[in-house]
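Shown next, in structure tokens, is the structure this report addresses.
Order as written gives the chain letters A, B, C and D; numbering starts at 1 within each chain.
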């Protein structure tokens, strides 16, 4: 066997307080595409930054890292030597396309710089020309023009392509990608991944692709490394690991990732490993709500027709419900005036929603799916009367809420509740859990409130003793449980969830989805669930509306939409979200 | 486009008018009688009353305001009750001196603060960085006039290298002008420099944590070049804000240094005129100061737009 | 060393706001212009004696009513117009109607002015007045020419040895020699008066060589460093500035003479002078500086420091727990002196609540015009201001018809009686404790060691530059 | 002018979770120790000083440092050590009151503006621009002329002059907090604006406000010294470090040490609060900056 491009052995990384990587070893051969998966905090990024020699000053590494053709051990090599390797022999693409580019420099110049730094092009001019070429290779439309753009003028996917162009500029032997697509929409993600795959195959570059998403690995990689708490616990071909995972952690991870496979109660597989250290409650699956909860999910009272919006056609009222629907939205538009607008220009107008009409029946589980910026959150805010539509009417539970005053909304407020996307943002870090959960209650005595909070926390699988803690003492999954408890404490009839699980690790995601499903059943809620992830929607909702550029373009029963998408956009979306089974099949080939 | 420019100018004009009203109202309740000050202790009360009428002090406030501001709008700040001269030139002379002093000191401050701030940021975890940072901390804590007093004592009084104070017009005698400028500019600039270097430091520290610096490092740029090519322009943005505010406060704040060095700047003029209750002059000075600051804000605003393409293309 | 150095820079404290002392009060303008740019018929020499200036000589009629002045010939104003007896008539007649500051009333005794010939002017008084001729040595006696009135505020035209070549208020006043000066040309040809706001800055400027002379230093702790420095000379003379602890004689607190006298005994003037004035000054005990002929040195001992006596007097007056509003101007000497006074008053049971009022604006308003105070501390720097101080309408509220009558009598009396009567009146005022004249501010000048002829005393408002040489 | 305000360097995440473990440790403690010293001096001097710092002692003028008078005496014969101790009271008083006024005026103003984007915010920020154009020193000069110079006037002027900075900080913090989902959740629960302002916004911007307060404190102490130099500060005999400096100036060649002691005292308190501010900033949010 020839020398591997990258050879890491017994890599240990420690902070002054504890060891973070416990002596990991792996090789990557030339042209090999290796995925590195694992939970948040398992040490994936540390591994990559160690290789690049860009560890934070506060961390110390030991072991050896060798790069083919470089006699020195990268861990001990001098800064000068490393500088000559970085961007040249090895290159890296980071996760955040929004911040990874210098906002004050034209992207072409940023790409050209990597060539001037390593003198791989004769001069500035040549470097610039080459940069445009590279931008063309990563399929940026209008590369010459794009080269003159500033980062903020490009979309996230475009920026990530720029990063990729930069990384590939000097034909590195080794390409490290740290979660290169997590910030991107599914459809864009698929394109970028394909691009990465093609670029490395064409040039025989060795690839280490870091991700927490198994689907991504299956898409691009040949081999996969699974990391768990600073150790590599599994290393094998993708097909084998997906179909026959060896390590128990991998097994659970893969089970939890599969949103299409459910247990006999119709619930997702969750991880029983003590993935999250603190909470007792979170480790256990939610307690069964009722003895017969395992029965088939409540049948939707109304079966939606499968409709689509014709390009240029008349506005359609989707999912029209006979009688009194729980939610009725008619011709709702929302325009935003962007703030500022700079010194000498009027504020630009942004269309959040354009003439949206639909109903949601009582007890229906209505999913809304769409890409970033398509108007999902806008719609959700309007449904909760947190925002007013610019035009159109919204009736919720028989009450018209467009233009209603806060007084008129008092009843509505306790009937409709929301769960937000998590990362700390939805819980006030300064408040104790009991106060957070009790917040929606009004005219309730303190003692009563505490009793109800306790009961509600129990219902979401948290012990009463968490009441006095602050949110930062909880894991992501637990925090989402607290959010759900807060939403349900007023016994609402409608629950609106905006990206309620998209910030969670796969393992925890399954738990929270199960919990939501249980509670919706138990409280007989009407659910509006907003997500960019079709898989999540498909698991939880009976009806789904696909929204694009402020318009609902397709709506119908979930299975129907998923299996026979009518709108081209939906089709794109569906194909970008393969099921676990597809993945395993594909990887095996 | 034209509409928006007009709107912004409208806002600016309204702000100025409101500021003028605030200025006028604030100063109209000044105790003390300008007429009595002009005539001194020997004059009788009747003389003083007659003088007050002659000075127009007994007209209703609204009339005085409209008369004053109306004339200001056509560039006439009125006549000083003390010097009997047109106030406009008096203010512009003094403003010119203060602006030269402030700008010089700010330039000195920047010359010091930028390298020093960057150094302390880059060497943050090294002992020398900590020591340098400590020095700038102490620099921030020293009152500016104390620095001025010590500079005079050493360089003017003891060594006799430079004049202890006063001002020479650059047009009159450029060498003399520089000689007179150097100590006060250093006194004013050293403290500002220490303050600015703290901002440069924290701004650079912040930028060093940015993802795009990591990207630059991953390209193979060393830590230094990465910071210089990618970091500094980004770090400049918050520093510029502080700079704008500093210049604004220094226009008045320089008065202390002006006093130490007997420089006839705007702050000194203001103190003198307030002491003599030369109301038209005081109103004029305050208004000029306020408008200057407002205009400065506007310029800083503009500068941002130039530095930051995100703001530029929003336009 | 070829050319003699005839450039002089003088550091002064108070800046003139403009250059027109006919309508603007204050000592700053006369200090700069009187005797230098402007001249009168007579002037005060450095000892306080009235000597001829534009008048070569004069005679007084026996009844003291008619003054015949013989004027110098060939005198011209700096704008070229001639100075004649008509100028005298014009200038003095103008005072009554056009002057608003610097004591136009001083010329009230004048009944008529007559230009007898070009060089002879006759002034007739309505009643004899000793103070009149003295006052003629001050600003009101200034000679103007009609053509020079255009811009009094910035371009003064006089007959003096200097002309104003530039004036920047708050900064400097530059004088150039008057090429056609009728008298002896001054030695210093380029004189710059530089104005400071701070005494330390002033002395620093002298030490660093920026200026050559400080006339009338105001903070005496700064003086000692020059005494030991051979590069400089220290000139100590007398001023006309009586640092006065004024008591509002009309107020409840001080209407009783015994209470005022108690204050006199309670205050250790020497200690006040030592502490607040670094020991510089002269204990005077009345409102008379030694340059006035009726100065009486014994008055300084009229009320020796005796707190017991003070307590007794207070008891006698039936006063206990006296609290007084002590409103001082926010000037360094007053702020310093008031602290010592307050401390000493506390020792005899008088509580002085000190408030430092902005000077001049608020102090003039509240204390001087409003009489709203019990006690104040301020220097009266005008020459011969004791008569003004005795006026019942004055802020001191001292109301003694006998003293006023005596002043009037003195003014009209012959020269010897004049002095005697003045002495009597001022002694009465001291005995009445009309105020506590703490000490006389010294006139201290600091100068380069090689300067000659620096005026030592300041008997008048003027700073006479013509005698200075190197 | 909008952009200027928007661009005032602002903290990025006012959450305690961002607190770094040992962030700002040494700096913070150095600051606490220095301020502790000053606080101690202020407290002790309220009950005891070696000598009366306000009396006049004509027989002990300008003594050099020695056993009896640790730091010597001044021109009134006052024990400099006693004056320095007592001066701590004025410094802390001026700082506390000025910062208190600034916070009381600026913070609610900023929060209300930040919570009401649109016209009200625009309007209030224009007002803020105007008050920003009246710097503290200018106000102190004008107020000194109107109300008479003194400690109270100086404190009020400094407070009002600093308020716009607090308003800007509070507003930008509020804008961030308002974009948090927990605020949306509170609104969805029907909570009033007042409730949200008090329960959610204020606690979550308190970190940056504390940092701003601590920095402003140092500035206020320096400003008081400058005002004393101009004769607009604390009147004698109450000892104030700024005025001691001003007085000492006249004795620079006779007793140079006189200028050293108050100079050190001022530097200590300002340094203390700056270090505290830096330390707190690191602790609350490493990315945080405050406009000065």
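Just so it is clear, contacts are C-beta pairs under 8 Å (C-beta built on N, C-alpha and C of every residue); 3 or more make two chains touch, one makes a residue touch a chain.
The structure presented is a predicted model; accordingly, all values stated were derived computationally and were not measured.
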item: Of A-D and C-D, pair with higher C-beta contact tally; value: A-D
item: Centre-to-centre distance between chain D and chain A (centres being mean Cα positions), rounded to whole Å; value: 45
item: Chain centre separation in whole Å, for chain D relative to chain B (CA means); value: 21
item: Chain A and chain C, separation of their C-alpha mean positions in angstrom; value: 87
item: Set of chain D residues in contact with two or more other chains; value: 2-3, 145, 249, 252
item: Residue numbers of chain A (touch at least two other chains); value: 340, 342-343
item: Sites on chain C at which at least two other chains make contact; value: 200, 358, 361-362
item: Pairs of chains, among all present, that meet the touch criterion; value: A-B, A-D, B-C, B-D, C-D
item: Interface residues, chain B side, partner chain C - complex; value: 30-33, 36-43, 45, 47-48, 51, 80, 82-85, 90, 93, 149, 152-153, 156-157, 160, 162-167, 259-262, 264, 268-269, 271-272, 275-278
item: Touching residues (chain side chain C, partner chain D) in the complex; value: 199-200, 219, 221-222, 224-225, 268, 271, 274-275, 278, 330, 335-336, 339-340, 342-344, 354-358, 361-362
item: Touch list for chain D against partner chain B, complex; value: 1-4, 7-9, 126-127, 129-130, 132-138, 141-142, 145-146, 218, 222, 225-226, 229-230, 242, 245, 249, 252, 259, 263, 266-268, 270-271, 274-275, 281, 286-287, 289, 291-292
item: Sites on chain A touched by chain B in the complex; value: 52, 54, 57, 79-80, 83-88, 91-92, 94, 96, 99-105, 113-114, 117-118, 150, 152-153, 163, 166, 338, 340-346, 348
item: Chain C partner contacts - residues on chain D that touch it in the complex; value: 55-56, 58, 61, 75-77, 144-145, 148-149, 231, 235-237, 249-254
